[in-house]
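As written, the chains take the letters A, B, C, D and E, and residue 1 is the first residue of each chain.
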Amino acid sequence: MIRGRVIGRIWSTKRTDSLPQGALLEVEIDGGSRVIAFDPLGCGDGEEVLITQGSVAAGQFEGIKAPIDALIIGSIDEHT
Amino acid sequence: MIRGRVIGRIWSTKRTDSLPQGALLEVEIDGGSRVIAFDPLGCGDGEEVLITQGSVAAGQFEGIKAPIDALIIGSIDEHT
Amino acid sequence: MIRGRVIGRIWSTKRTDSLPQGALLEVEIDGGSRVIAFDPLGCGDGEEVLITQGSVAAGQFEGIKAPIDALIIGSIDEHT
Amino acid sequence: MIRGRVIGRIWSTKRTDSLPQGALLEVEIDGGSRVIAFDPLGCGDGEEVLITQGSVAAGQFEGIKAPIDALIIGSIDEHT
Amino acid sequence: MIRGRVIGRIWSTKRTDSLPQGALLEVEIDGGSRVIAFDPLGCGDGEEVLITQGSVAAGQFEGIKAPIDALIIGSIDEHT
(Lines give C-alpha, C1' and ligand atoms only; values in the text may rest on other atoms or scores of the structure.)
Protein backbone atom coordinates (compact mmCIF):
# COMPACT_ATOMS: atom_id res chain seq x y z
CA MET A 1 0.00 0.00 0.00
CA ILE A 2 0.98 3.62 -0.20
CA ARG A 3 0.25 6.49 2.15
CA GLY A 4 -0.63 10.03 1.27
CA ARG A 5 -2.55 13.12 2.24
CA VAL A 6 -5.96 14.09 0.89
CA ILE A 7 -5.71 17.36 -1.04
CA GLY A 8 -9.08 17.61 -2.75
CA ARG A 9 -12.05 15.98 -4.38
CA ILE A 10 -12.85 15.20 -8.01
CA TRP A 11 -16.28 15.62 -9.58
CA SER A 12 -17.20 13.91 -12.81
CA THR A 13 -20.66 14.25 -14.35
CA LYS A 14 -19.70 12.72 -17.71
CA ARG A 15 -18.65 9.27 -16.50
CA THR A 16 -19.04 5.58 -17.24
CA ASP A 17 -22.14 3.99 -15.70
CA SER A 18 -20.01 1.44 -13.91
CA LEU A 19 -18.29 4.07 -11.75
CA PRO A 20 -19.79 3.63 -8.26
CA GLN A 21 -21.39 6.57 -6.48
CA GLY A 22 -19.08 7.90 -3.80
CA ALA A 23 -16.22 10.29 -3.23
CA LEU A 24 -13.18 10.34 -5.49
CA LEU A 25 -10.38 11.99 -3.54
CA GLU A 26 -7.11 13.34 -4.84
CA VAL A 27 -4.25 12.19 -2.66
CA GLU A 28 -0.69 13.45 -2.70
CA ILE A 29 1.85 10.70 -2.14
CA ASP A 30 5.23 11.29 -0.49
CA GLY A 31 7.49 12.44 -3.29
CA GLY A 32 4.82 14.54 -4.92
CA SER A 33 2.95 12.21 -7.26
CA ARG A 34 -0.84 12.18 -7.10
CA VAL A 35 -3.45 9.44 -7.14
CA ILE A 36 -7.25 9.62 -7.35
CA ALA A 37 -8.74 7.10 -4.93
CA PHE A 38 -12.28 5.99 -4.13
CA ASP A 39 -13.14 6.79 -0.51
CA PRO A 40 -15.60 4.57 1.36
CA LEU A 41 -14.62 6.03 4.76
CA GLY A 42 -15.58 9.68 4.53
CA CYS A 43 -12.09 11.16 4.73
CA GLY A 44 -11.52 14.90 4.58
CA ASP A 45 -8.95 17.36 3.33
CA GLY A 46 -5.59 17.01 5.02
CA GLU A 47 -6.32 13.55 6.37
CA GLU A 48 -3.55 10.99 5.98
CA VAL A 49 -4.75 7.82 4.33
CA LEU A 50 -3.69 4.33 3.31
CA ILE A 51 -4.38 3.31 -0.30
CA THR A 52 -4.44 -0.09 -1.96
CA GLN A 53 -4.07 -0.24 -5.75
CA GLY A 54 -4.71 -2.32 -8.83
CA SER A 55 -7.11 -5.24 -9.14
CA VAL A 56 -6.97 -5.62 -5.36
CA ALA A 57 -8.88 -2.33 -5.08
CA ALA A 58 -11.56 -3.37 -7.58
CA GLY A 59 -11.92 -6.73 -5.84
CA GLN A 60 -13.28 -5.01 -2.73
CA PHE A 61 -16.52 -4.10 -4.53
CA GLU A 62 -18.96 -6.99 -4.06
CA GLY A 63 -21.11 -8.08 -6.97
CA ILE A 64 -19.98 -5.41 -9.41
CA LYS A 65 -17.01 -4.88 -11.71
CA ALA A 66 -16.02 -1.45 -10.44
CA PRO A 67 -13.44 0.43 -12.56
CA ILE A 68 -11.59 1.42 -9.40
CA ASP A 69 -7.83 0.84 -9.25
CA ALA A 70 -7.13 2.87 -6.09
CA LEU A 71 -9.09 2.58 -2.85
CA ILE A 72 -8.69 4.20 0.56
CA ILE A 73 -8.69 1.39 3.12
CA GLY A 74 -7.74 3.29 6.24
CA SER A 75 -7.05 6.63 7.83
CA ILE A 76 -3.66 6.71 9.53
CA ASP A 77 -3.69 7.39 13.31
CA GLU A 78 -0.08 7.88 13.89
CA HIS A 79 3.25 6.74 12.52
CA THR A 80 6.25 5.54 14.48
CA MET B 1 -6.81 6.30 -10.80
CA ILE B 2 -4.77 9.00 -12.43
CA ARG B 3 -5.84 12.27 -14.04
CA GLY B 4 -4.50 13.86 -17.15
CA ARG B 5 -5.26 15.99 -20.17
CA VAL B 6 -6.06 14.67 -23.65
CA ILE B 7 -3.39 15.77 -26.10
CA GLY B 8 -4.17 13.75 -29.20
CA ARG B 9 -5.43 10.59 -30.81
CA ILE B 10 -3.66 7.46 -32.02
CA TRP B 11 -4.52 5.62 -35.22
CA SER B 12 -3.43 2.06 -35.80
CA THR B 13 -4.35 0.16 -38.97
CA LYS B 14 -1.95 -2.73 -38.36
CA ARG B 15 -3.39 -4.00 -35.08
CA THR B 16 -4.43 -7.16 -33.28
CA ASP B 17 -7.98 -8.31 -34.04
CA SER B 18 -8.83 -8.22 -30.35
CA LEU B 19 -8.36 -4.44 -30.11
CA PRO B 20 -11.90 -3.00 -29.82
CA GLN B 21 -13.08 -0.34 -32.26
CA GLY B 22 -13.05 3.06 -30.61
CA ALA B 23 -10.84 6.02 -29.89
CA LEU B 24 -7.37 5.61 -28.43
CA LEU B 25 -6.43 8.93 -26.86
CA GLU B 26 -3.02 10.09 -25.76
CA VAL B 27 -3.20 11.64 -22.32
CA GLU B 28 -0.54 13.67 -20.57
CA ILE B 29 -0.34 12.96 -16.85
CA ASP B 30 0.80 15.54 -14.31
CA GLY B 31 4.56 15.28 -14.27
CA GLY B 32 4.80 14.82 -18.01
CA SER B 33 4.47 11.09 -18.60
CA ARG B 34 2.00 9.91 -21.24
CA VAL B 35 -0.54 7.13 -21.40
CA ILE B 36 -2.66 5.87 -24.31
CA ALA B 37 -6.19 5.18 -23.05
CA PHE B 38 -9.32 3.77 -24.64
CA ASP B 39 -12.10 6.35 -24.63
CA PRO B 40 -15.73 5.20 -24.43
CA LEU B 41 -16.99 8.71 -23.59
CA GLY B 42 -16.12 10.79 -26.64
CA CYS B 43 -13.59 13.09 -25.01
CA GLY B 44 -11.80 15.78 -26.98
CA ASP B 45 -8.45 17.52 -27.07
CA GLY B 46 -7.70 19.47 -23.93
CA GLU B 47 -10.33 17.69 -21.86
CA GLU B 48 -9.26 16.59 -18.40
CA VAL B 49 -9.98 12.93 -17.78
CA LEU B 50 -9.86 10.21 -15.14
CA ILE B 51 -8.11 6.96 -16.12
CA THR B 52 -8.18 3.51 -14.54
CA GLN B 53 -5.36 1.10 -15.36
CA GLY B 54 -4.34 -2.52 -15.48
CA SER B 55 -6.63 -5.54 -15.45
CA VAL B 56 -9.33 -3.33 -13.95
CA ALA B 57 -9.54 -1.49 -17.28
CA ALA B 58 -9.80 -4.71 -19.33
CA GLY B 59 -12.45 -6.04 -16.96
CA GLN B 60 -14.86 -3.30 -18.03
CA PHE B 61 -15.26 -4.89 -21.48
CA GLU B 62 -18.12 -7.40 -21.28
CA GLY B 63 -17.79 -10.73 -23.05
CA ILE B 64 -14.42 -10.07 -24.66
CA LYS B 65 -10.80 -10.19 -23.57
CA ALA B 66 -9.85 -6.68 -24.61
CA PRO B 67 -6.11 -5.90 -24.61
CA ILE B 68 -6.82 -2.57 -22.91
CA ASP B 69 -4.84 -1.63 -19.81
CA ALA B 70 -5.89 2.03 -19.61
CA LEU B 71 -9.47 3.27 -19.83
CA ILE B 72 -11.04 6.70 -19.50
CA ILE B 73 -13.85 6.40 -16.94
CA GLY B 74 -14.77 10.04 -16.49
CA SER B 75 -14.28 13.60 -17.59
CA ILE B 76 -13.35 15.85 -14.69
CA ASP B 77 -15.78 18.73 -13.97
CA GLU B 78 -13.79 20.65 -11.49
CA HIS B 79 -11.17 20.10 -8.84
CA THR B 80 -11.14 21.53 -5.33
CA MET C 1 9.87 -8.71 -5.48
CA ILE C 2 11.53 -5.73 -3.90
CA ARG C 3 13.70 -5.46 -0.82
CA GLY C 4 13.69 -2.77 1.79
CA ARG C 5 14.23 -1.94 5.43
CA VAL C 6 11.46 -1.63 8.03
CA ILE C 7 11.31 1.95 9.33
CA GLY C 8 8.09 2.00 11.33
CA ARG C 9 4.56 0.82 11.89
CA ILE C 10 1.21 2.26 10.82
CA TRP C 11 -1.89 2.31 13.02
CA SER C 12 -5.32 2.81 11.56
CA THR C 13 -8.45 2.78 13.72
CA LYS C 14 -10.76 4.16 11.03
CA ARG C 15 -10.39 1.40 8.46
CA THR C 16 -12.37 -0.84 6.15
CA ASP C 17 -13.71 -4.01 7.79
CA SER C 18 -11.95 -6.13 5.20
CA LEU C 19 -8.48 -5.05 6.36
CA PRO C 20 -7.04 -8.10 8.21
CA GLN C 21 -5.78 -7.74 11.76
CA GLY C 22 -2.01 -7.66 11.82
CA ALA C 23 0.94 -5.34 11.52
CA LEU C 24 1.22 -2.81 8.72
CA LEU C 25 4.88 -1.88 8.41
CA GLU C 26 6.39 1.03 6.57
CA VAL C 27 9.35 -0.12 4.50
CA GLU C 28 11.93 2.05 2.79
CA ILE C 29 13.00 0.71 -0.58
CA ASP C 30 16.45 1.30 -2.06
CA GLY C 31 16.22 4.66 -3.78
CA GLY C 32 14.10 6.18 -1.04
CA SER C 33 10.49 5.36 -1.97
CA ARG C 34 8.26 3.87 0.72
CA VAL C 35 5.73 1.08 0.79
CA ILE C 36 3.30 -0.02 3.51
CA ALA C 37 3.28 -3.83 3.68
CA PHE C 38 1.32 -6.35 5.71
CA ASP C 39 3.64 -8.37 7.94
CA PRO C 40 2.73 -11.97 8.83
CA LEU C 41 6.25 -12.72 10.13
CA GLY C 42 6.69 -10.39 13.08
CA CYS C 43 9.46 -8.25 11.65
CA GLY C 44 10.94 -5.36 13.58
CA ASP C 45 12.44 -1.95 12.96
CA GLY C 46 15.61 -2.04 10.91
CA GLU C 47 14.98 -5.56 9.61
CA GLU C 48 15.58 -6.09 5.93
CA VAL C 49 12.61 -7.70 4.22
CA LEU C 50 11.39 -9.10 0.91
CA ILE C 51 8.05 -7.79 -0.37
CA THR C 52 5.69 -9.12 -3.02
CA GLN C 53 3.17 -6.73 -4.56
CA GLY C 54 -0.13 -6.47 -6.39
CA SER C 55 -2.78 -9.16 -6.67
CA VAL C 56 -0.11 -11.73 -5.84
CA ALA C 57 0.00 -10.31 -2.30
CA ALA C 58 -3.79 -10.43 -1.85
CA GLY C 59 -3.88 -13.98 -3.21
CA GLN C 60 -1.92 -15.21 -0.20
CA PHE C 61 -4.91 -14.62 2.11
CA GLU C 62 -7.03 -17.77 2.10
CA GLY C 63 -10.79 -17.48 2.02
CA ILE C 64 -10.97 -13.69 2.18
CA LYS C 65 -10.60 -10.84 -0.28
CA ALA C 66 -7.96 -8.90 1.62
CA PRO C 67 -7.27 -5.35 0.37
CA ILE C 68 -3.53 -5.99 0.67
CA ASP C 69 -1.30 -5.14 -2.30
CA ALA C 70 2.05 -5.45 -0.51
CA LEU C 71 3.07 -8.38 1.69
CA ILE C 72 6.29 -9.25 3.49
CA ILE C 73 7.20 -12.81 2.48
CA GLY C 74 10.65 -13.11 4.00
CA SER C 75 13.30 -11.55 6.15
CA ILE C 76 16.63 -11.33 4.35
CA ASP C 77 19.54 -13.24 5.96
CA GLU C 78 22.36 -11.97 3.90
CA HIS C 79 23.05 -10.73 0.42
CA THR C 80 25.91 -11.73 -1.81
CA MET D 1 -1.16 1.48 -22.98
CA ILE D 2 2.20 2.98 -23.72
CA ARG D 3 3.83 3.88 -27.02
CA GLY D 4 7.42 3.43 -28.02
CA ARG D 5 9.82 2.72 -30.84
CA VAL D 6 11.30 -0.70 -31.66
CA ILE D 7 15.08 -0.62 -31.20
CA GLY D 8 16.03 -4.27 -31.45
CA ARG D 9 15.26 -7.90 -30.87
CA ILE D 10 16.09 -10.26 -28.01
CA TRP D 11 17.16 -13.88 -28.45
CA SER D 12 16.97 -16.36 -25.64
CA THR D 13 17.96 -20.00 -26.08
CA LYS D 14 17.96 -20.84 -22.37
CA ARG D 15 14.34 -20.08 -21.59
CA THR D 16 11.28 -21.47 -19.79
CA ASP D 17 9.22 -23.91 -21.86
CA SER D 18 6.14 -21.78 -21.39
CA LEU D 19 7.60 -18.85 -23.34
CA PRO D 20 5.75 -18.82 -26.69
CA GLN D 21 7.67 -18.93 -29.94
CA GLY D 22 7.77 -15.50 -31.54
CA ALA D 23 9.66 -12.26 -31.60
CA LEU D 24 10.63 -10.47 -28.40
CA LEU D 25 11.29 -6.86 -29.32
CA GLU D 26 13.03 -4.22 -27.28
CA VAL D 27 11.05 -1.00 -27.30
CA GLU D 28 12.19 2.40 -26.12
CA ILE D 29 9.45 4.35 -24.39
CA ASP D 30 9.28 8.16 -24.39
CA GLY D 31 11.48 9.24 -21.52
CA GLY D 32 14.09 6.61 -22.22
CA SER D 33 12.97 3.52 -20.31
CA ARG D 34 12.88 0.20 -22.16
CA VAL D 35 10.44 -2.67 -22.29
CA ILE D 36 10.73 -6.11 -23.92
CA ALA D 37 7.42 -6.93 -25.63
CA PHE D 38 6.11 -9.96 -27.47
CA ASP D 39 5.30 -9.08 -31.09
CA PRO D 40 2.52 -10.94 -32.90
CA LEU D 41 2.41 -8.38 -35.74
CA GLY D 42 5.82 -8.62 -37.36
CA CYS D 43 7.08 -5.14 -36.48
CA GLY D 44 10.51 -3.94 -37.48
CA ASP D 45 13.26 -1.70 -36.22
CA GLY D 46 12.20 1.92 -35.92
CA GLU D 47 8.50 1.14 -36.05
CA GLU D 48 6.34 2.95 -33.52
CA VAL D 49 4.15 0.57 -31.56
CA LEU D 50 1.40 0.42 -28.95
CA ILE D 51 2.00 -1.88 -25.97
CA THR D 52 -0.37 -3.29 -23.38
CA GLN D 53 1.07 -4.54 -20.11
CA GLY D 54 0.50 -6.80 -17.14
CA SER D 55 -2.02 -9.65 -16.89
CA VAL D 56 -3.95 -8.04 -19.74
CA ALA D 57 -1.07 -8.97 -22.07
CA ALA D 58 -0.95 -12.60 -20.88
CA GLY D 59 -4.73 -12.87 -21.21
CA GLN D 60 -4.46 -12.45 -24.98
CA PHE D 61 -2.87 -15.89 -25.34
CA GLU D 62 -5.66 -18.43 -25.74
CA GLY D 63 -5.41 -21.77 -23.97
CA ILE D 64 -1.97 -21.24 -22.47
CA LYS D 65 -0.55 -19.44 -19.47
CA ALA D 66 2.02 -17.37 -21.31
CA PRO D 67 4.61 -15.59 -19.13
CA ILE D 68 4.16 -12.43 -21.20
CA ASP D 69 3.54 -9.13 -19.39
CA ALA D 70 4.06 -6.81 -22.37
CA LEU D 71 2.46 -7.28 -25.80
CA ILE D 72 2.48 -5.20 -28.97
CA ILE D 73 -1.16 -4.69 -29.99
CA GLY D 74 -0.73 -2.18 -32.78
CA SER D 75 1.61 -0.26 -35.00
CA ILE D 76 0.96 3.48 -34.87
CA ASP D 77 -0.02 5.15 -38.17
CA GLU D 78 0.16 8.71 -37.17
CA HIS D 79 -0.33 10.89 -34.13
CA THR D 80 -2.20 14.14 -33.92
CA MET E 1 9.15 -7.79 -19.70
CA ILE E 2 12.29 -6.12 -18.45
CA ARG E 3 15.91 -7.08 -18.85
CA GLY E 4 18.67 -6.85 -16.31
CA ARG E 5 21.88 -8.36 -15.02
CA VAL E 6 22.14 -10.76 -12.08
CA ILE E 7 24.16 -9.17 -9.28
CA GLY E 8 23.62 -11.54 -6.38
CA ARG E 9 21.45 -13.95 -4.48
CA ILE E 10 19.10 -13.48 -1.54
CA TRP E 11 18.77 -15.94 1.36
CA SER E 12 15.78 -15.90 3.64
CA THR E 13 15.39 -18.39 6.49
CA LYS E 14 12.47 -16.58 8.16
CA ARG E 15 9.97 -16.75 5.34
CA THR E 16 6.36 -17.56 4.57
CA ASP E 17 5.66 -21.25 3.99
CA SER E 18 4.20 -20.48 0.58
CA LEU E 19 7.52 -19.22 -0.80
CA PRO E 20 8.73 -21.97 -3.18
CA GLN E 21 12.17 -23.50 -2.74
CA GLY E 22 14.57 -22.13 -5.32
CA ALA E 23 16.95 -19.29 -5.99
CA LEU E 24 15.93 -15.68 -5.43
CA LEU E 25 18.28 -13.55 -7.51
CA GLU E 26 18.85 -9.83 -7.28
CA VAL E 27 18.82 -8.28 -10.72
CA GLU E 28 19.89 -4.78 -11.67
CA ILE E 29 17.69 -3.21 -14.31
CA ASP E 30 18.96 -0.64 -16.81
CA GLY E 31 18.68 2.69 -15.04
CA GLY E 32 19.82 1.27 -11.74
CA SER E 33 16.68 -0.01 -10.02
CA ARG E 34 16.74 -3.52 -8.56
CA VAL E 35 14.31 -6.42 -8.56
CA ILE E 36 14.40 -9.74 -6.71
CA ALA E 37 13.29 -12.49 -9.10
CA PHE E 38 12.68 -16.22 -8.70
CA ASP E 39 15.05 -18.19 -10.95
CA PRO E 40 13.95 -21.56 -12.34
CA LEU E 41 16.78 -21.64 -14.89
CA GLY E 42 19.94 -21.70 -12.80
CA CYS E 43 21.33 -18.33 -13.82
CA GLY E 44 24.57 -17.02 -12.40
CA ASP E 45 26.18 -13.73 -11.45
CA GLY E 46 26.61 -11.36 -14.38
CA GLU E 47 24.16 -13.23 -16.58
CA GLU E 48 21.69 -11.06 -18.50
CA VAL E 49 18.13 -12.18 -17.96
CA LEU E 50 14.55 -11.52 -19.03
CA ILE E 51 12.00 -11.01 -16.23
CA THR E 52 8.21 -11.11 -16.25
CA GLN E 53 6.35 -9.40 -13.43
CA GLY E 54 3.10 -9.25 -11.51
CA SER E 55 0.37 -11.88 -11.46
CA VAL E 56 1.76 -13.24 -14.73
CA ALA E 57 4.83 -14.43 -12.80
CA ALA E 58 2.78 -16.14 -10.07
CA GLY E 59 0.58 -17.78 -12.71
CA GLN E 60 3.55 -19.82 -13.94
CA PHE E 61 3.55 -21.92 -10.76
CA GLU E 62 1.19 -24.86 -11.29
CA GLY E 63 -1.08 -25.95 -8.48
CA ILE E 64 0.16 -23.48 -5.88
CA LYS E 65 -0.42 -19.84 -5.07
CA ALA E 66 3.19 -18.74 -5.10
CA PRO E 67 3.89 -15.26 -3.69
CA ILE E 68 6.19 -14.54 -6.62
CA ASP E 69 5.73 -11.30 -8.57
CA ALA E 70 8.98 -11.44 -10.57
CA LEU E 71 10.22 -14.48 -12.49
CA ILE E 72 13.21 -15.06 -14.74
CA ILE E 73 11.87 -16.57 -18.00
CA GLY E 74 14.98 -16.49 -20.12
CA SER E 75 18.68 -15.80 -20.33
CA ILE E 76 19.51 -13.33 -23.09
CA ASP E 77 21.84 -14.61 -25.85
CA GLU E 78 22.53 -11.44 -27.65
CA HIS E 79 20.86 -8.14 -28.42
CA THR E 80 20.72 -6.41 -31.74
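The rule is short, and it goes like this: contacts are C-beta pairs under 8 Å (C-beta built on N, C-alpha and C of every residue); 3 or more make two chains touch, one makes a residue touch a chain.
Computed from a predicted structure; not experimentally measured.
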item: Between chain D and chain E, the fewest steps along chains that touch one another; value: 1
item: Neighbouring chains common to chain B and chain C, by label; value: A
item: Copy-to-copy rotation for chain C and chain D - C-alpha atoms, rounded to a multiple of 5°; value: 145
item: Cα-centroid distance, chain A relative to chain C, in whole angstrom; value: 19
item: Geometric centre distance via CA averages, chain D-chain A, whole Å; value: 31
item: Chain B: positions in contact with at least two other chains; value: 54-55, 57
item: Successive chains around the closed ring, taking chain D as origin and chain E next; value: D, E, C, A, B
item: Residues of chain E touching chain C in the complex; value: 8-16, 18-19, 24, 26, 33-37, 54-55, 57-58, 65-70
item: Residues on chain A engaged by chain C in the complex (per definition of touch); value: 1-3, 30-31, 40-41, 50, 52-57, 59-60, 71, 73-80
